[in-house]
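Each of the two complexes below includes subunit A, the first together with subunit B, the second together with subunit C.
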Partner chain A sequence: MLLTGKSAQQTLLYLAFCIAILLVPLFLDDAFLLNKYSRYLVFAMLAVALSLSWGYAGILNLGQATTFGLGSYCMAMALKLGTVPVHTGSEGLPDFMVWNNVTELPWFWAPFHSTTFALVAGILVPATFAALLGWFMFRGRVTGVYAAIITLAAMVVVNLVIIDQQRFTGGFNGITDLAQFEVAGLSFDAYSSSTYYLVALCLSAVLFLSLAITRSKTGMILQAIRDQEDRVRFFGYDVALYKIFIFAVSAGIAGLAGMLYTIVMEFASPTFLGVPLSLSVVIWVAVGGRQSLLGAALGALIVTGVQGALSESETFLESWMLIMGGLFVLTVLFLPKGIAGAFEMLTARFQRQPAGQPATAAKPGGEAITHGEGA
Partner chain B sequence: MELVVSQLLTGLSIASILMLVALGLAIIYGVTGVINLAHGEFVMLGAYCAWFLQTQLGLGLIASLVPIFIILALFGWIIEALVIRHLYARPLDTILATWGIGVMAQQAVRLTAGGELRYVEMPAALASSVNIFGATESAYRLFILGLALSLFALTWYIYRHTSFGLKLRAITQNRDIASSFGINSARVYRSTFAYGAGIAGLAGALVSPLKSVSPEMGTTYVVDAFMVVVLGGAQSLFGTVASSGILGELTGFLAFHSNDTIAKALVLLAIVILIRFRPQGLFSARVRS
Partner chain C sequence: MSDDGEIQLALNDVSVSFGGFVAVAGLDLAVGKGELRCLIGPNGAGKTTALDLICGKTQATSGEIRFEGRSIDKLKEYEIARAGIGRKFQVPSVFRELTVRENLHIGQSRQTGVLANLVRFGGSMDDDELERLAELVGLSDALDSAAAHLSHGQTQWLEIALILAQDPALILMDEPTAGMTGQETGKTAELFNRLRGQHTLIVVEHDMGFVRDIAETISVMHQGKLLAEGSLKEISSDPQVREAYLGSGGIGHA
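Showing the complex of A and B:
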């Protein structure tokens, strides 16, 4: 099976992508651009996370930003405690706590003095949150639209609580004025190639980890659940357990993306777990192709890239959101499998093989609500 | 006594606005199964129509209600014809498409009317306040309550007692069989969508004097309205009224004892827990399984 099989081709494609993003700093010596591209790569990672749960398990998570934000806050708490005391007020307290008359470091802040703890928490806190939410939803056999609405509502709740608890979270302003991320003697300046490499390496690792999951037996069962949940249940599989698993993995990846985002942006804010970001992730994945991990990542890169370019140019400064919205509606209407789906169809036609399924075939997961049957 | 009545009135006032926004959403979702994330933007467009008619054409709020309903219904009609009708077989994709439409509507308004806050004046006749059992309530809020209830009654009448409503119910139960009996289901769907959009426009016009009008105002409404529909059960019009009543009173009560933010978070949490145990909603009777 020397690089001929379909899966070997796929592996090569993924490898080529990872090498390509790792080579970028060799040709680019602009700190500002590197920072911008690191941001796009973080978004790509977030898109991969959603593709795992939405494309492969049929769980439309409208609250993907919740877990992203949780990861981001974990990292911000650690970096805030790492700042020199001048910035952190008396006795090592973060400045916003001093302004809010907090006299003692809250118990849940204290462990974040340790970077290792923060790194573990940044992945485990979102994953646990998702596992609990997933246990709650999937054990009760909540599917389709209702699952989407629950994830959305859960995000609004977390967002409201973070904004309300200003004394402990910095409230509306978030956590700003952070130290540089340092680990194992290396320090990562947000405007340098080191941070870019960190993000690119993490994205490559996440891509291959996700690819491995989707190719494993678990991945196959998840795709079966996406297409015909009841049938898989009748075979005796614990459907809820599989869904909870992938939901938690997706959340852990989103948490990692959140941590990297804080390193790149040098702050954490409640907008990181807001409705606009969460819906943007859905757009990226839909445009790129929800059933392809690489497609989702490319979708994020393309959409955020175009968005960045349009919003900076004079002529489109005002109207880029209008264009994005229009493009998105057209994608949903004509390319339900996104760019990856269109690409697959083209290559199939190019190789003169019988084109498998037309791109407009009925969507899996689309039958989640059978309408008019009293739920 | 005074406190209790004033608490109840605050809750009712929140409930009436919730109901106005949720009614259109419930009709659209209940009949066509479309998750209309652009509903908040329909509300926003209604509010901007009210602002435009008042400042540019000098039309009072009450006089502009009918034109606003017609404009938004027309808008809904066009959206359905262009986009939604292609997506009835893919309900989850309607979430995505309608959200894209919402983004476009927001940006279009920002480009034409500007991003700054706009204010709509309350009708002078309703600017006073009324005394009920010692508690005072603004006449305008009572007017909204009355109008919300009459709109509900009208919708219920159409649903139960007209031939259009009969067709609607037939399609809701089984679209294919209804179509084979000669009901033009595509037309019924389009009318339903237009009607729902029109009601959303009315909701926007009515809340515009109470809150400032901005391109982003729709986002807050759409999540709340979804909660009402989910709580009440999509198939039940009475469920929508009852659940907006419950949510309104609950939000008012919790907000009095803590603050607005915590109240909202607690209410959302309660609904999430409820969906887990009763996904069909509180008031939805099981039609068929």
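Showing the complex of A and C:
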């Protein structure tokens, strides 16, 4: 009974967050700020993705940006083809291909004429990539630091391939000069509330989908795997399969975030699959609390928000990196479970006190009873 | 060996070595359905390794392990578990960050598929069964507290309860009373006697008082082999067994 009460509370909290982010455009009529906040919300979605694999299944993915970048390129390819009839002089090719002496649209570009295909690919390509990588890692029982290093290395490889294959990917410059995203007769201008709503709605959907996964028995088993992998195996669960599943789901969400990022930023670039972004995600999630989806999202919003404010103000132009680093160290030292953990501790204290007992006496007393019964 | 039941588990000439050290050397062991078998032996006799071999944690170098008529020595751990073998580890291993209730839900593993469990909310065990198990091991009042808050003895019982939730035909128990107080050990013996007949049990144990309380047939291992088998009376008068335990103060003090 306590459990249902607690989970109802949690649902309400998530709902409040989603409503809050959806209300923002009503009070804000600044195209630049809306675009900036849409970007932060995309980062929040990326943080939720990492929270699923790291916080719930114990898989520290240092290469979360790989799948983010793959998603963003899928969207960029579709939007680039949207500009083709207008912008290109010759052969209906994207401009950078013309500059690179490509004469024919590569086969893997062709299907991106269809927006539907691009939307599906933006989720399935990253998810498949992660599933394959996961298959090798988790079937081979690679865990902990080693898994983290493999994800990081895989990202560097994908990043290099994209930069190297300039003819097909635009290389260092990425894919720029894109059409506006249009779906079902709606067009999404990056500097408008429509794009903000799109991102906010997707984030809300992702939050509740992820919440449902963590509350299912599969979510419970994943947490058990995080605690004691071997114990789970000897109950008959195929641990590798569970890990591959959540790794792929996390990658699919990151891919969706990547697609939205392309819409918001109006380009895709190899920096989207870069080490700096990927490690930033880990920091957001650590600050927000990796074992809370909402905490991870808030962590991303707070850290990127503060970062944005500091780096844009003249006084901190030189020192903002140092301040961010200091904040991170302080959080890890004093709030090992992040902001979400601190919040839980506080609410627990508030809820216990009105019961008419000092905050500390309630729990140990309860435990003493079970001890007595046990002995 | 009791002759009344069919043989459920059979190890035929099973050996395993780790980098030259032979932990189990040609072990033969047969356990009947519903039997409660105690496996004893001096330190380093290969008892835990024998359990590891049965549950798939360790692969045998040679020999064959058969369970309910099929060969299981090449199966993966989770396949062996699904075939109906449960394992309790020597160091109690439960999910410390989850509540006792959630722990029990995970133990109940009739449904092991990712997608099947994805659409299952609030666990898969009905509350009556869960509460019955919790009561059986004295954890009724601790259902909603995190497993990390349990005492050592309670953690041992929780793991036993998890195995019972799994409901395997054969349960392997590695020193289930390690670290328990005398009173807790007594309760555990009581519990095992209740399980007798419903599950086949193989119990590795050092505490001879506990073995005395539960044993019907005892198998004695020494240097990776089966040394003797029989009732407590038979093996304690066996000169070979006395020899093996020499230096460790005799069987009663092992």
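Everything below uses one rule, namely that the second predicted complex is superposed on the first by the 345 of 375 C-alpha atoms of A that agree within 3 Å, B and C clash if a C-alpha of one lies under 4 Å from a C-alpha of the other, contacts with A are read in each partner's own complex, and residues count from 1 in each chain.
Keep in mind that, in the parts below, a contact is a pair of C-beta atoms (placed from the backbone, for glycine too) under 8 Å apart; a residue touches a chain by one contact, two chains touch by 3 or more.
Just so we're clear, the structure is a prediction, and the values are computed from it rather than from any experiment.
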Considering only touches as defined above, state whether A:231 meets subunit B (first), subunit C (second), both or neither.
-> second
Would you sort A:239 into first (subunit B), second (subunit C), both or neither based on which partner it touches?
-> second
After superposition on the shared chain, which partner residues are touched by A:218: those of subunit B (first), subunit C (second), both, or neither?
-> second
Could you tell me if A:157 is touching subunit B, subunit C, both of them or neither one (first, second, both, neither)?
-> first
Regarding the shared-chain residue A:286, is it in contact with subunit B (first), subunit C (second), both, or neither?
-> first
Is the number of subunit A residues in contact higher for subunit B or for subunit C?
-> B
Go through the superposed model and pick first if A:193 touches only subunit B, second if only subunit C, both, or neither.
-> neither
Could you say whether A:144 touches subunit B, subunit C, both of them, or neither, answering first, second, both or neither?
-> first
Subunit A positions within both the subunit B interface and the subunit C interface are 366, 369, 371, 373-375
Would you mind writing out the residues of subunit A in touch with subunit C in their complex?
-> 2-3, 212-213, 215-218, 220-221, 223-224, 226-228, 230-239, 241-242, 245, 366-367, 369-371, 373-375
Residue ranges of subunit B touching subunit A (in the complex, touch as defined) | 32-33, 35, 83, 86-87, 89-93, 95-97, 99-104, 106-108, 110-111, 171-175, 219, 223, 226-227, 230, 233-235, 259, 261-262, 264-265, 268-269, 271-272, 275-277, 279-281, 284-289
Which residues of subunit A touch subunit B in the complex?
-> 60, 62, 136-137, 140-142, 144-146, 148-150, 152-154, 156-157, 160-161, 163-164, 275, 279, 282-283, 286, 318-319, 321-322, 324-326, 328-329, 332-333, 336, 362-363, 365-366, 368-369, 371-375
Give every residue of subunit C touching subunit A within the complex, in rising order.
-> 55, 57, 77-79, 81-82, 86-87, 89, 93-98, 101-103, 105-107, 109, 111-112, 114-115, 117-124, 138-142, 144-145, 149, 151, 153-154, 157, 162, 166, 181, 183-184
